[in-house]
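What follows is a single structure, written as C-alpha cells, with notes after it.
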Amino acid sequence: MDIQLEPQAAGRMSGEELKKLHERMKKREKSRRLRKLGARFGVNLIVSVLVILPLLYALSIAFMPSGELFSMEMNLLPKAPTVDNFVQAFAKIPLFRFILNSFLVAGCITIGQIISCSLAAFALSFLDFKGKNVIFMLIMATMMVPGEATIISNYLTVSGWGWLNTYKVLIIPYMTSAMGIFLFRQFYLTFPKSLYEAAKIDGCPNLVFIIKILIPLTKSAIGAMAVYTFINAYNMYMWPLLVTGTEEMRTVQIGISMLNSVDSQSITMVIAGVVMVILPSLLVFILGQKQLIRGMFSGAVKG
Amino acid sequence: MAKLALENVRKIYKNGYEAVHNFSLEIEEGEFLILVGPSGCGKSTLLRMIAGLEDITSGELWMDGEIGNYKEPGERNLAMVFQNYALYPNMSVYDNIAFSLSVRKKDKEEIDRKVHETAKLLGIEQLLDRRPGELSGGQKQRVAIGNAIIRNPRALLMDEPLSNLDAKLRTQMRVELAALQHKMKTTTIYVTHDQTEAMTLGSRIVVMKEGEMQQVDTPANLYDAPANKFVAGFIGTPSMNFFEAQAVREEEGVLLLVGEHRIRLSGEDAARLRAHGADKVWLGIRPEDIAVSAPQEGRQTERRPGWKEGLLADGNYLEVLITDIELLGAEKLLIFLLYGKKYVAKVPAETQVKTGEQRRLYLNMAAAHLFDCATEKRI
Amino acid sequence: MKTVMKMKQRLGAYLFFVPCLTIFALFLFYPFAKTIYLSLYKTDKLGQAKLFVGLGNYAELFTSESFFHSLLVTFIFVAIVVSVSMLLGLITALLVNKNFPGIRVFSTAYALPMAIASSAAALIFEIMLDPTIGIIDKVLGTDINWLHDERYALVCVALLTAWLNSGINYLYFSAGLANIDEAIYERASVDGANEWQKFTRLTLPGLSPILFYTVVVNIILAFQSFGQVKILTEGGPGESTNLIVYSIYRDAFFNFRFGGAAAQSVVLFTMIMILTLIMFKLEKRGVKY
C-alpha cells in the first residue's frame, strides 16, 4: 500500500505543469461544450422557426393592411401594422358565436368521453363478469373503423331523426372513444387490484370508488385525454360540415372556411379570423401540454 | 505498479453539492477493490469519474502513469457493469457481448472466437441467440459481465451489479464473481452498499461516508480494528452496539461507567485510553460479543479469540430488559433495552431467554472497541 | 338469494358499458352495417335503398378508372404524408432529446402543429401558395400556380398534412426516446462507441417498439384527411387530389350516389383493417423487446 506513484509519471510532471495541463484541458472542454450547446441551440432555433413559419406568416398577414398584401414585393412583415382586420372579422363574421359553439361542442364531447370511458375502463380492469373479453375486443375493434367509412350512414340516420342543425348531433356521436377506454384501462391496470378490494371491504360502492379514488389517481391520464379530445373536437371538420347548415349552429372551422370564397378582397380579414380561431386551441394545447405529455409518457405509447 | 491511482480527486456538482472530497487511492494490478458505503456517500460518483462518465472537478486520475482525466470513456480501456445491467434490448446476447469489439471494427472471426470463449467461461453459450428480454436476472448479469471482460480491459468497474437479484441468486453470483476474478486476475473496482457483499468479495475495502474515505483495509482489519465509529457500525450485521460511557482513571486500569454499571478496562485498552485522555467514550461491542451468562468451565465453547478471557473480566456485565427475540436458526438475536435505548445481542439458539425478562448480559471485553465521543475516532 | 345477488352484481358490471356501447351501437355498429347494406343497393337522392344490385356497386367501382385513380392518388398521398411527417417528428424529437436551456419553448413549437385545425391550416397555406400574393413563389422566385397545377397540387396538400401530423409524431418519438434506458448510452460510451454508432445501433432500434404503432396511426390519420382537400383543391385539378375520403364525400353529397359511396367506404375500411392487421402481425414477429 505504500507503493509510490509511478516514478516516471510523477517525475515527468511537476505540480506546476500539472496545473497548466488542467487549465488547458478545462478550457478546451469548456469551449467544446459551449460550441456543442451553441450548435444545438442554433439548429433548434432554425428548425422550430421553420415548423411554426405558417403560423408566424398568418400572424403577420393578420396585422397587414389589405392593400399591402397585394404587391409583388417581398412582404413578410406588415409595414403599417393594423388591428383593423380583427375588428372587421368580428364585425362581419359571427366569429364569437362560432367560437362559442365550438367550445360548447368540444367541452361536452370532452366531458362525455371522460365519463363514458372511465366507466367502461373501470369495469374492464376491476370487475369480473362473463363476456369481458368479448366486450373488450368489440371496443378495440371499433378503432379499426375509420369515422369516414360510416359517415354517410350516420348522416342519413341523424337526418332521418331530424337532428340536423342541433348541438346534440355535433356532440352525441362523439361522446365515447375506444382510444380513451384503452388509455384509461392501461392506466387502471397499473393499480394493484387490492386497491379496489380494500375499498370493497370498506363497503365503498363502485361509483364512489371511481369518483373518490380512481379519478384523483388518474388525473394525468384524464388531463392528457382531455387536452387531446378537446383539441380534436374543436378542430373537427367533416362531420360539422355535413350536419350543420345554419349560421347559428356552425362551428368555427366550418364558419371560417365558408368565408374563404365569399370575397377575395378580404383575405387579410379571413386570416385575422383564422388567427382568432387557432388561438383557443393553441392556448389549450400550450396550457395542457405538460399533462398531455405526462399522460402519453406513462402508458399510452407503451401499450 | 499501480494500475490506477486517484490523487486528491474532488467532485462538485453544478448546484454546489460536493459529492466527493479530496479522495486519494491507489489501485493495484489484479486487485479486487470494494467501495462500500451508504447511499449518497459518493461511491458511485467516484466509479463514474474513473469510467469517464462524470467530469473530475479537481485532482488527478492516473492510468498506467498517464493522466486520465481528459480521456473519453471509450479511450480508457475500462469496462463497466451497471446496476440494471444496461443490456442493449434490441440486440441478441451474442451482439451484446460482442458490442465493444464490433464498434472498434475488430476482425469478425476474432470477435466470434472471443464471444464463444467468453460465453463458455460464463456458461451462457446456449443463450447467444436470445434477446435480453428473454433472460432471467442472473443470465442478464452474466451477459453484462461477458460484455465487460471480452476485451480484456485495464480494469473492470462494477456498480452494484448484484443489487437487482434476489437474495439466493445474489449469494450464488457473489461466489461466482469471486472465482471469476480470481481466475481472470482483472483489476476490479466494485461498488456496493451491502457490507456483507463487500466483506465476502474484496481483498481490500474502501469504506466511504458523505464523500469521504473513512478507512481502507482488508475485511478482517475492518472488522477487528475499525478506524472510527461509523466504520464500526457499518461493518458487521447486526451492527455493533455503542454504549455511551464515562471513563474514570484508576490506579490500575480504567473504569467505564455505563449508567450505573461499572465496567473495568485493563491491559492494552486501558493503557491506550489513558494515553488518549478522553473522558467521554463510546464503548462498542458487537452483538456476537455478548453472552447471557459468564462461561463456566468446560461448558461454553470458544466462539471468538479471547472470548473466555474477555467474558471473565471483572464487572463486565449489564443489567438489561429483554424486549424481543428473533430466532435466526443456529443463533438468535436478543433485542434488549438499556436506559431507554435498544441494543442487540447474538447468542446460541439454545440459550434460555424469555422476552420481558430482566437479565444480566456479559460483554466480551477482549473484543471491545473504544471511540472518542468528540471525534468518533477509535482510541 | 345468492344467485339473485350474483345476477345483480353481474348486471351492475354491464351497466358500466351502457354509455359507451350505446353510442358505439348507434353511431358505429349500426351505421357500419348500414353502410354495407347500402353498398349493395342503388339509392334515391335521399339515401333510401331502392334497388338491390348485389355486388353491382363494387363491380362498378372496380371497373371505374376514376376509382383506381383515386386509390392511386390516395396511396401516393399517404406515402408522402407518413414518411415526411414521421421524419419531421423524428428529427424534432431528436433535436430536443438532450436537455439544454430553452428546451421547453422548442418542444412546444415542435408539438404545436397537432393543435391546429386542418381547415385553418388550409386557409393559411392557400395564401402562402397563391400565385400572385403567395410567399412561396416570392421566396423561390418561381411563378407556379401550386394548387391548380396537376403536378404540384397533391404534393402541396400532402406536405400540409405532413406538417399537421408532425406534432403528434414528435410526441410519439419523444415518448419512445424517453423509454430508452439512459444507462445503455453510458455503457456504449465506456464500450467505445461513437455518437453515430450510438444513434444507429441504440437509438433507432430503441424506437422500434413504438415505430409500428406510430406507422399504423399515421397511415390511418393520413387516410382520413379531408378538410384540407375540401378547402384547397376540391379533388382537383383534374382528379389529381381526389383522395378516397373526398371521393366518398363527393359521390354521396354532390352526386347523391349513396350506394357507390357506401361501397367505397367499405373498401376504405377493408384497406385500413388489412393494413392494421399486417402491422400487428409484423410487430409480433419482428420486435422482441
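Order of writing sets the labels: A, B and C. Residues in every chain begin at 1.
Here, a residue touches a chain if its C-beta (ideal position, glycine included) is under 8 Å from a C-beta of that chain, and two chains touch if they have at least 3 such contacts.
Just so we're clear, the structure is a prediction, and the values are computed from it rather than from any experiment.
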Query raised in the report: Which neighbours do chain A and chain B have in common?
Result: C
**Report entry** Selected pair, greater C-beta contact count between A-C and B-C
**Finding:** A-C
Query raised in the report: From the centre of chain B, which chain's CA centre is farthest?
Result: C
Report summary line: centroid check, CA-based, most central chain -> A
Query raised in the report: When the centre of a chain is set as the mean of its C-alpha atoms, what distance in Å lies between chain A and chain B?
Result: 51
Query raised in the report: If you average the CA atoms of chain B and of chain C, how far apart do the two points sit, in angstrom?
Result: 58
Report summary line: Between the Cα centroids of chain A and chain C the separation in whole angstrom comes to 16
Report task. Show which residues of chain A lie in contact with chain B when the two form their complex. Result -> 1, 3, 5-6, 8-9, 13, 18, 21-22, 25, 29
Query raised in the report: Which bits of chain C are touching chain B when the two form their complex?
Result: 181, 183-184, 186-194, 197, 201-202, 205-206, 208, 288-289
Requested in this report: Name, in rising order, each residue of chain A that touches chain C in their complex.
Outcome: 37, 40-41, 43-45, 47-48, 51-52, 54-55, 57-58, 61, 69-72, 74, 76, 112, 115-117, 119-120, 122-123, 127-130, 135, 138-139, 142, 144-157, 172-173, 175-176, 178, 181, 206, 231, 234-235, 237-238, 241-242, 252-254, 256-257, 260, 267, 270-271, 274, 277-278, 281-282, 284-286, 289, 292-293, 296-297, 300-302
Requested in this report: Would you pull the chain C residues touching chain A in the complex into a rising list?
Outcome: 10, 12-14, 16-17, 19-21, 23-24, 26-32, 34-35, 38, 47, 88, 91-92, 95-96, 98, 100-102, 105-106, 108-128, 132-133, 135, 138-139, 163, 166, 171-172, 174-176, 178-179, 209-210, 213, 220, 223-224, 226-227, 230-231, 245, 248-249, 252-253, 258, 261-262, 265-266, 268-269, 272-273, 276
Report task. Would you mind writing out the residues of chain B in touch with chain A in their complex? Result -> 1-2, 5, 7, 26, 28, 55, 58, 60, 62, 64-67, 69-70, 216
